[in-house]
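My questions all concern the structure below.
Letters are used for the chains, namely A, B, C and D, taken in the order the chains are written, and counting of residues starts over at 1 for each.
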Amino acid sequence: MLQREGATRIPSGCAISGFINRSGRRTNGSVIVNSIACMHERSNGLGGGYAGYGIYPEYKDQYALHVFYDSSEARIKAEAFLDRHFDVVNLSRIPVRKNPRITDEPLIWRYFVNPLPTKLQDSQLDERTFVAKCVIRINDQIDGAYVFSSGKNMGVFKAVGYPEDVGDFYRLEEYDGWAWTVHGRYPTNTPGWWGGAHPFSLLDYTIVHNGEISSYDANRRFIEMFGYKCNLLTDTEVITYIIDYLHRRLEMPLEDVAKVIASPFWSELESGKFSPEDTEKYRHFRNVFSSLLVTGPFSIILGFNNGLMALNDRLKLRSMVAAEKGDTVYMSSEECSIRTMCPDVDKIWSPRGGEPIIVTLDKDAGDTRSPRFTQSGAGRVATEVNHGERV
Amino acid sequence: MNPLFEVIRDPDRCIKCRVCERQCANEVHKYDPDLDKMISDPMTCVDCQRCVCLCPTHALKIRPNENQFRENANWSHQTMDEIYKQADSGGVLLSAMGNPKDYPVYWDKILLNASQVTNPPIDPLREPMETKTFLGKKSQKITYDENGKAHYEKTPYLELDVPIMFSAMSFGSISKNAHESLARAATELGTYYNTGEGGLHEDFYKYGKNTICQVASGRFGVFKGYLDAGAAIEIKMGQGAKPGIGGHLPGMKINDEISKTRMIPKGTDAISPAPHHDIYSIEDLRQLVFSLKEATNWEKPVIVKIAAVHNVAAIASGVARSGADIIAIDGFRGGTGAAPTRIRDNVGIPIELALASVDARLRDEGIRNDVSVVVGGSCRSAADVVKAIALGADAVYIATAALLALGCHLCRSCNTGKCNWGIATQRADLVKRLNPEIGYQRLVNLVTAWDHEIKEIMGGMGINSIEALRGNRLMLRGVGLTQKELDILGIQHAGE
Amino acid sequence: MKKVYVNEDWCLACHLCEYYCAAANSGAPNMIKAFKSGKKPVPRIQVEEGSEVNFAVQCRFCDGKACVKGCIAGALSITPEGVVVCDENKCVGCYTCVLSCPFGCIVIDEEGHRIQKCDLCTKNHDGDPACVQGCPNKAIVFEER
Amino acid sequence: MNYVIIGNSAAAVGTIAGIREFDSTGNITVISDEKYHTYSRPLISYWLEGKVTDKNILYRDADFYEKNNVTPVLGKKVTKIDTANKTVVLDDGLSIQYDKLMVATGSKPFVPPMNGLDKVKYHTFMSFDSVKAIRAEVKDGMKVLIIGAGLIGLKAAEALSAYNAQTTVVDMADRILPSILDVRAGMKMQKHIESKGVKFILGTSAEEFSEHSAKLKNGVTVDFDMLIIAVGVRPNTELISDAGGKVDRGIITDMTQKTSLDDIYSAGDCTVSYDASSDTNKILALLPNAYLQGEVAGRNMAGREFRYVNAIPMNAIGFFGLHIITAGSYEGEEYVEETENTYKKLVFRENRLVGYILMGDVKRAGIYTSMIKECIDLGEVDVELMKKAPQMMMFGKARRLDKLGGITE
């Protein structure tokens, strides 16, 4: 019998794509759908999904929870839980369009919620941690319920099927966002579970990922010491938790997060290419965060509350191309998909392995989030643009 | 008593060069001028293979004595032999090196993974392959100031270029030349060797950067200068070969140099008590850990070495909370210069199971980051090292393998002091048989070879840094193991 | 010039160097044949055993070269590489070189009525001299000093 | 630069080597009244015995002159040194100009006046030609009378044993090899040689020779088919003395091997040497000595400054398979060891080894020789070990490592 995500570990190949407009100008979801459609061969119809940022301006202060339910019973249980912990400002089914290639759909609901102040206080947690814990609890403990999106002013849309069909199914042309990412999946086997499609998200972190990391169990067993439960047994899940741990909980800047996940080689550290201070810091990271080093092939696009980060494994074992046009930065598995979104980019390059591309909203962009998460040096492509040799 | 071995000499090959005679400290071989031939008395032969190795015409071989007592599955030849010995002597039987009995070797029941299709193997000849390892507490505290500068807590650590260290063997149990070989090899390899409980010879202070100074229950050779000399301090609570038992170096081995190094009178027996008499509880251990840290200005990591016994996970958890930076666990197959045979052969548990349960326990308690875990007893190959690290070890200790590299043939008669290979002896004419120039190079070769193999195996798994292997139990599968064993090891069965 | 040196700290007086030397210079294809077919081969290296140290001695290729200069038959000569070699056909066994060698390194081949001396194995095989290769404790090294 | 060497033996070859160390271009002319390529004089007895071929008697390879860029002028005798014109005059009237001249004329057999000697045919035993003459006459089993029981006479006796000669050796002295052996060793050697069939008549001399017989002073008459006179040698010093150079028992040189004449050097058996072991001047008619003197002279002729020091008498020789090696002087405190086949005498003076005799077992004798030459104080060696056998172990560690090139740690 085939086992679903979480019961067994399933390797997969993928296509990813994404873009961000630094000025906060919002773009219609159809653009990102087209970008993945041209990489049809990189998916096999067993999973596709999107993350859009800035899509819920009217509810930008509420956590937007997207939930799959296998049954009404599951929904009743989950809503009871939500009611106990949150003030639900709005709830509805997510509007979808019938598509012949999207089948076996679960119940798909959306809630805009605020944590109940009393509960939050009782928990002695900060608000985001509270929300994250609740999400993990629902997913872990309520059978048949799965929260697949939980950030503010952003949302994840995913399903079993080819990604372009998923976009059609969720009517993404009706959403506008300042950043979009997409994932088309090519798992080696799975009955296809909607929750197992990507992006994987926690709060406003979303990850689309192409690769199969060989450090998985080392990473998993380490990160689980900090209260995470890797239920899905997927790389994306564990990478998300690592980023959540380092970026949200330890408050490390994404540049440093990248240096943990895809740390410089010892030969690089000894080469003098970094300043003595950075060399010392990265050595320290390699010591204390050694179990968070991710090896094996991966290319990821991380979405967060005010930006995107693209990162390759340090050997660049997976393809990843980036491009820039005006104030928009594109990242994708293949150049063709970038050309679909923007045929005449100003520049296009292949980032080196382990060197992150971090793009955040400009300070004066219309839709910035809480100042705490604003990146220093925001608004610029953080990494020197260089033309890596491996494409 | 019957000789244990037969000395077989091929007269067609023997040229009577007498090297066997000159090299046998047990005086097995002799040239008879009247007969004009080499004769041998196998009674004292220990099968150390020195004569076999040096014979220039390969005229010799040593075989088990074919003479047999009447077969009996219950009363084996060896069991009966031991009865006779004890009936003769009235004493406790002594043995050397590790447990030779046929207990399961879990390393050999675990198989490794490799990448195929969905994720590429990495070619170690083409890509960097990293085996550098840090040992010590890993503080996750980090803050950033308004300028974005990171501030983090640095705790004392050991930095290993390969995840392999030479474990404790005291000067006294092994020779000065053996120590020099280990010290120089550790220095060249960028790893560490361990003084054992016999103190540090004054000639070897220069290798302090790569030395772990052990503090054992006898406290031999321990003083401020000694503690300051090394890179780390190891408190030896137990030893895998003889958990719950102390040590005894006979007075005849305490020559001038050992006497000076151990700081005990020449010719007196050096007795390490079974317990540290100032450690009767975990709180006492904590005090010693902190005392040693205080004595060395909180600059050196402290290792606590324990034998793998039944409740090792709980003990390790206690040790982790005692302030130790590194826990070393020694399995029941670990070596020794001398141990009571019954203890060696019947006490302790396999290191594989001990490691798996300690690692799991520390993670469950969320304190795996507070200590590094080093395992020994016995890692025999690069594959064992890879499996240990995948089970959760940070590094391994090797000793028997190191001795083999130095020439030891596991004749298991270290306790006689007549080691023909110049390793477990203090007799000057024997000690000089181990030229550290050769010895250190062979150790370097061994560990370098293992390092290559580790990298090769890692590459096959698609891993190019040892940290991604650590605790990565998905890379392991069991064969022929019960569900209970798989559960303890935390691995799936092959095919799952 | 690369020469054979013995570090007396490591010499075990196992005498293997003598056997490897003798066999290598015997012309026999292996040691067994060298020692088991009639004439006993002569080693050109000699081990001296002491109470605490041992060492092997062989031609030092010294500056004086008294052996060559004193040879009455012109049998000893110096190769362009600096190796002192003996033409065994010319040697008449007068032992003037034995008289002259300050290190006692000219070996008398009683049966052959001539002398033998270390030629660094230049005539019998490639690579390091046989004594160096055969020393189990690296007490004998072949190096430039 | 024109170098001229008179003589073509060990001293001459040493001179060529010495010159060529420092001067690879100067002209070297070697003049010899013997017509042969340089050959080894001590090998003539081996040649006669049949142990050495015509080819192997050569002291150096056939291309020696070419390789060293030497012009040999062979079969010509130098009759005169013209120091004023710096030329040497040959017996054919030609003269050769020299800038530096080496006189290595060696020695000649000494034949004392004896009654009736002018009426009988006799041989000497000194040159290739002399043994060739013997070879031409020798017949199996012939009776040979040798006058002189020194090195040359006994070597001749040994060589002739190859022809089953019935040899009688007569010497005025009462023992054999008196110049190199003590009484005891002489007796042992005598016994050994006698055991090989040679007869000795010692302590007497020939009173009168007649055809095929000699009447001795002790009244005995010895018949012979061949007579060999080997009572001794005399250095060839005339060229130097005629030119006004200083000559004593031999040619006198300074430590650089220069004679008392400008630009004229001398080396080998024709010269007087300083014996360091006995602190006396004497003729050291030894091949190694000749070569080394020649080498020093050659270097000095080529403009360098070298001195010849530490010469001592020494001999390595064997008769009928019994070998002896001796060196130095025998005056001093003695240590003697003797077995049936061996004899060892060490002579000490002023806390040094100054001489030794080894017979039978001569292994590693050079270590003793070096002790004499290097004047090593006995305080520096383990005397017991030294007495046992020559060995490097007897030296202290520092000296030993120094000698063996070991590492001093």
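What we mean here is this: contacts are C-beta pairs under 8 Å (C-beta built on N, C-alpha and C of every residue); 3 or more make two chains touch, one makes a residue touch a chain.
Computed from a predicted structure; not experimentally measured.
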| item | value |
| --- | --- |
| Chain labels contacting subunit B and also subunit D | C |
| Intersection of the contact lists for subunit B and subunit C | none |
| Geometric centre: closest chain by C-alpha means | B |
| Centre distance in Å when subunit A and subunit D are each reduced to the mean of their C-alpha atoms | 103 |
| Chain centre separation in whole Å, for subunit B relative to subunit A (CA means) | 47 |
| CA centroid of subunit A to CA centroid of subunit C, Å | 78 |
| Centre distance in Å when subunit C and subunit D are each reduced to the mean of their C-alpha atoms | 28 |
| Multi-partner residues of subunit B (at least 2 other chains) | none |
| Pairwise touch network: line, ring, star, complete, or other | line |
| Those chain pairs that satisfy the touch definition | A-B, B-C, C-D |
| Residues of subunit C touching subunit D in the complex | 3, 5-9, 48-50, 53, 55, 57, 60, 66, 69-70, 72-74, 89-90, 92-106, 108, 145 |
| Complex contacts: residues of subunit C adjacent to subunit B | 9-10, 12-16, 19-20, 23, 31-32, 35-36, 52, 134, 136-139 |
| Residues of subunit B that touch subunit C when the two form their complex | 12-13, 15-19, 22-23, 53-54, 56-57, 428-429, 432-433, 435, 437-438 |
| Residues of subunit A touching subunit B in the complex | 9, 11-13, 188, 211-219, 221-222, 224-226, 250-253, 256, 263, 265-267, 277, 281, 284, 286-291, 293-297, 314-315, 317, 376 |
| Interface residues, subunit D side, partner subunit C - complex | 10, 14, 40, 42-43, 46, 51-52, 56, 58-61, 287-288, 291-292, 295, 314-318, 323, 325, 327, 362-367, 369-370, 373-374, 390-393, 397, 400-401, 403-407, 409 |
